[in-house]
């Protein structure tokens, strides 16, 4: 039983981690927590679904097409909404992303309605049994995709020039500008890439949560939890946080109470923040006087 | 000094404007209503119109039920196209309460006092309906087909309340009886939603199963927003009951069944009627759904020659082409509206609340709607307790029994 | 002796900002610490006002150990400070900024505040009177109800000092009091600092790059470089110290030149 | 300062005369009552977020605690209403204090998410604690016999709201309010000026929770029924939206914001799905074009005039 719970937890956890990657990317470069990340992912998933069902395109074609749209969409959101508040107080930025969250959700409801629909899985549905533990090929796929994306971005940040630029702009906008980095174009591209990550997350999550405007509600919140737990600036932290939350939640549901599992997760977050305000793998923030 | 006067004036005007719209309409319509009731009819009735209202969540966590309002409107369109009810056209007002009880209270007051509707139709949410029940009872406005199977609206019977959909408590008992008699179950596992809806089911099932001497092997619950059900599926499999009762809304039920199937759980599965429709095939897949049992209280679309079915399918495909008419929500909503309109028809030109309620009580095993055997008396307000057992077979939900009438 | 630092060492993650520093400030002095950027001057002020805790060493004020005090208790014990980049409350009025400086001495409770009791009103009135005295002294009365962020930097600097002295501290820490000011303003500020000492009896410990100011008004100067004190003495002593001339003054003149 | 007092005076006269204006229509009085309760909540949140700079995205949880405290004290212990109202405030304040403790170490986004977690956890705990809270089935609360009609309870709510407004304005003008704003502007300088920043942050949370708890108590009586549906994350967001829309760090702004966002759903309830979109769009537009909130439209000209005068007098 415990083995299967852990596998189930890891599977759920990799969904959270996947959804958290985009959040972290934006926070890392532009110091903004995007509360609309989940809803952006949901919109892109709907677009992908439209390609699939209305224009009857094959799965991977509609997948790729919707990611292209995601990139443009993400950049547009940054240009139109986020750029004007780049220097505004944190609260204004938070509220703005909440406004976007509401609008995206409302618009999706108006366009596509609220009746949940099924979404096809990336790979044919197959599962393996091993010493009484069952795992599906799609669960493995999601885990692998998440890890690859995380590693890819991790290396990208560490070793490429653009990655360095993105990191630099997160450290200090003024200095980055002095170094000749086009901070604003870095931000715009970051949002584009984050939207792509969101799109991937949405499309892979939709078969599990089913597709409707509220689909990212729970996963989105757990993604925040994962990001916070991991430190919010650390890409590997997202995976650690996500998996930790997935397993923790599974164990609580299995052995304590399935109704209180979220409460325990929230308590865990508050506890972690209290003990180590920057999360498990977060960078230390020193107060400047 | 002058500046703030101007500012304050603007603010006042804003406030007053909002209030005034209501003042005018409220005073005038109070007069109208008084005139009419002294003449004959209750509020919301004019010579060529009957006003019907209700609240339905059209945004927020339960927005999927917003479709009900569209179905009511669709049915009224059909009735109006056929000449209305005794020459009066039906007008329907839906209010979005966002599934928030405090807004439901506002909606109820608005419908009764501002919009002055004649009757309230098919309103959602157990907690939400409960929140306004004292108010609506005190007003005495007919409330037809509360879209909740909670016993609070039928037990004890309330003069102005008419339920219709199968009572949750009763369905749980039907499940238990069926598991006992037909499936020869020794043990049952229950998967339920941890809210007013799921818990009612669970309590009734546990009570009935104990009475029948069947072991309740597992009780697994979840919160309505949950997405991961692997732990529950696992515990259920471990308890290995003969039958699993699913008292869950479509998304969680589908996820759970998928998960249960994946880890190799095997049991007869019985799914509450509120979720049992074609959506489940879409969400969980036909393979997973194969063999799942349920009950239906609205007629199946299989019987295409039935004129009741034909008019439903025709009208819905015209008004709401995007949706699959097979949806249980939509068929239920159609039935709600049918029962209301039947009551109106029987009331003839005497459209008072008093008479409407009297006429509703003349419905006896009425089979003119999508529901079976609708009946109301002064102390029986269930509407119907007649269901057919149905089963998912080859990607379709088909009825496998005759009408079973349960006596509460 | 008012303030004494004994063998104070501060380091941040391996980097030693202040190394084994001894410092003594006598009552009634204007004491200046000079040194190139990164010499650890501001770190010393931050230790005294308890934002940092040294890894080792002792700081005592009026014979009391300062290191056991929490940051917000420092003001009440008689040490106040200004900031290098005027840490003013920029969306508050000038008057309110000054009143915050009186925070520890305002004793009325939350409830008497909320219900605006007579006692609370009297206390507020008294506090405002004190604030206006300070504004008078700084000649800023006409700005009293303006938001600080709308005022020029020079005036903000003055308000920063005003906020620091409104509580009548024994020791005032000034972090570059004339940075960013023109000659006129610098002169005015120099006068002001001397007056604070002469009329109010406030001992002053300041960090400053403006040599003319330092040399004009200081009683004693300590010179720092790379976290270490390389010289200390009166103005003439320091000016004639070859170490200082080589290591520091030359460099500053270059700086000024560029 | 004066203009604010006069605005509030006008609002209060209007609120007291309102039932006459709408002919004692129970619907309009109900909506106005909700508005007043949300206005109390918005002011309390503005005290914490607008003035104190501490973001809370879980404020509905405090409303819930206040409402449930009242319901439980009434139903289980049979306590009278004049005792319930302050007790709900006090109990909520204690919870606010406990939440404030970890919050002291957090700022900005981290605080936002911690409070979000708190706001999400409370309704779920209410659900699980069925024996006490009735779970999803909710609890019914009778209005106190002294104010048993909608109208009389409306008046009671209005008077309480006015008292709370007065208290908050006093607090903000005094030493405590200055310390709160000082913390928002610069924690470092505040600490250096002798403000015990951690204590004051928890204090802010407690005060804000206290008033929100009272709002919750009024809510329980006024709506007459409470269930966890009433206190989900959307409510927290809407209240946050109220203070941003109306004006951060502005009491009249909070009232204006509460007014607009109580009215929008009532006006838009016939257009399904538009409420959330309109609210969201209003938030975005406010942040982009009126970062100081709608109230800045009312104060703008007045302020400019004042500064112009000042400049003139300076030149003269």
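To keep things simple, chains are lettered A, B, C and D as they appear, and every chain counts its residues starting from 1.
Methods note: a residue touches a chain if its C-beta (ideal position, glycine included) is under 8 Å from a C-beta of that chain, and two chains touch if they have at least 3 such contacts.
From a predicted model like this one, the values you see are computed outputs, not experimental measurements.
> Based on Cα centres, what is the most central chain?
Nearest to the common C-alpha centre lies chain D.
> If you average the Cα atoms per chain, which one ends up farthest from chain A?
C
> For this structure, which two chains have more C-beta pairs in contact than any other pair?
B-D
> Report, in whole Å, the distance between the mean C-alpha point of chain A and the mean C-alpha point of chain B.
36
> If you average the CA atoms of chain C and of chain D, how far apart do the two points sit, in angstrom?
40
> Could you put a whole-Å number on the gap between the CA centroids of chain A and chain D?
Here the centre of chain D sits 31 Å away from the centre of chain A.
> Do you know which chain A residues sit against two or more other chains?
Where chain A meets two or more other chains at a single residue, that happens at 106, 109, 259, 262, 287, 289.
> When you check chain D against every other chain, which residues touch at least two of them?
Residue numbers touching two or more other chains: 124, 127-128, 188, 273-276.
> Going by the touch rule set out above, which residues of chain B reach two or more other chains?
Correct list: 58-59, 61, 63, 66, 194, 223.
> Looking at the complex, which residues from chain B come into contact with chain D?
Against chain D, the touching part of chain B is residues 3-4, 7-8, 10-12, 14-16, 18-20, 22-23, 26-27, 30, 58-61, 63, 66, 69, 93-103, 105-107, 109-110, 112-114, 125-128, 130-131, 134, 194-197, 199, 223.
> Going by the contact rule set out above, which residues of chain A touch chain D in the complex?
It is residues 27, 33, 81, 84-85, 88, 90-92, 94-96, 98-107, 109-110, 221, 224-225, 228, 232, 257, 259-260, 262-263, 265-267, 269-270, 273-274, 277-278, 287, 289 of chain A that touch chain D.
> Which residues of chain D touch chain A in their complex?
By the definition above, chain D touches chain A via 49, 53, 55, 57, 101-102, 105-106, 108-110, 112-114, 116-118, 120-121, 124-125, 127-128, 188, 237, 240-241, 244, 248, 273-284, 287-288, 291.
> Going by the contact rule set out above, which residues of chain C touch chain D in the complex?
Touch list, chain C to chain D: 49, 51, 70-76, 80-81, 83, 87-92, 96, 99-101, 103-104, 106, 108, 110, 113-116, 120, 123-124, 142, 146, 150, 163, 167.
> Touching residues of chain D toward chain C in the complex: what are they?
167, 170-171, 174-179, 181-182, 185-186, 188-197, 203, 207, 249, 307, 310, 313-314
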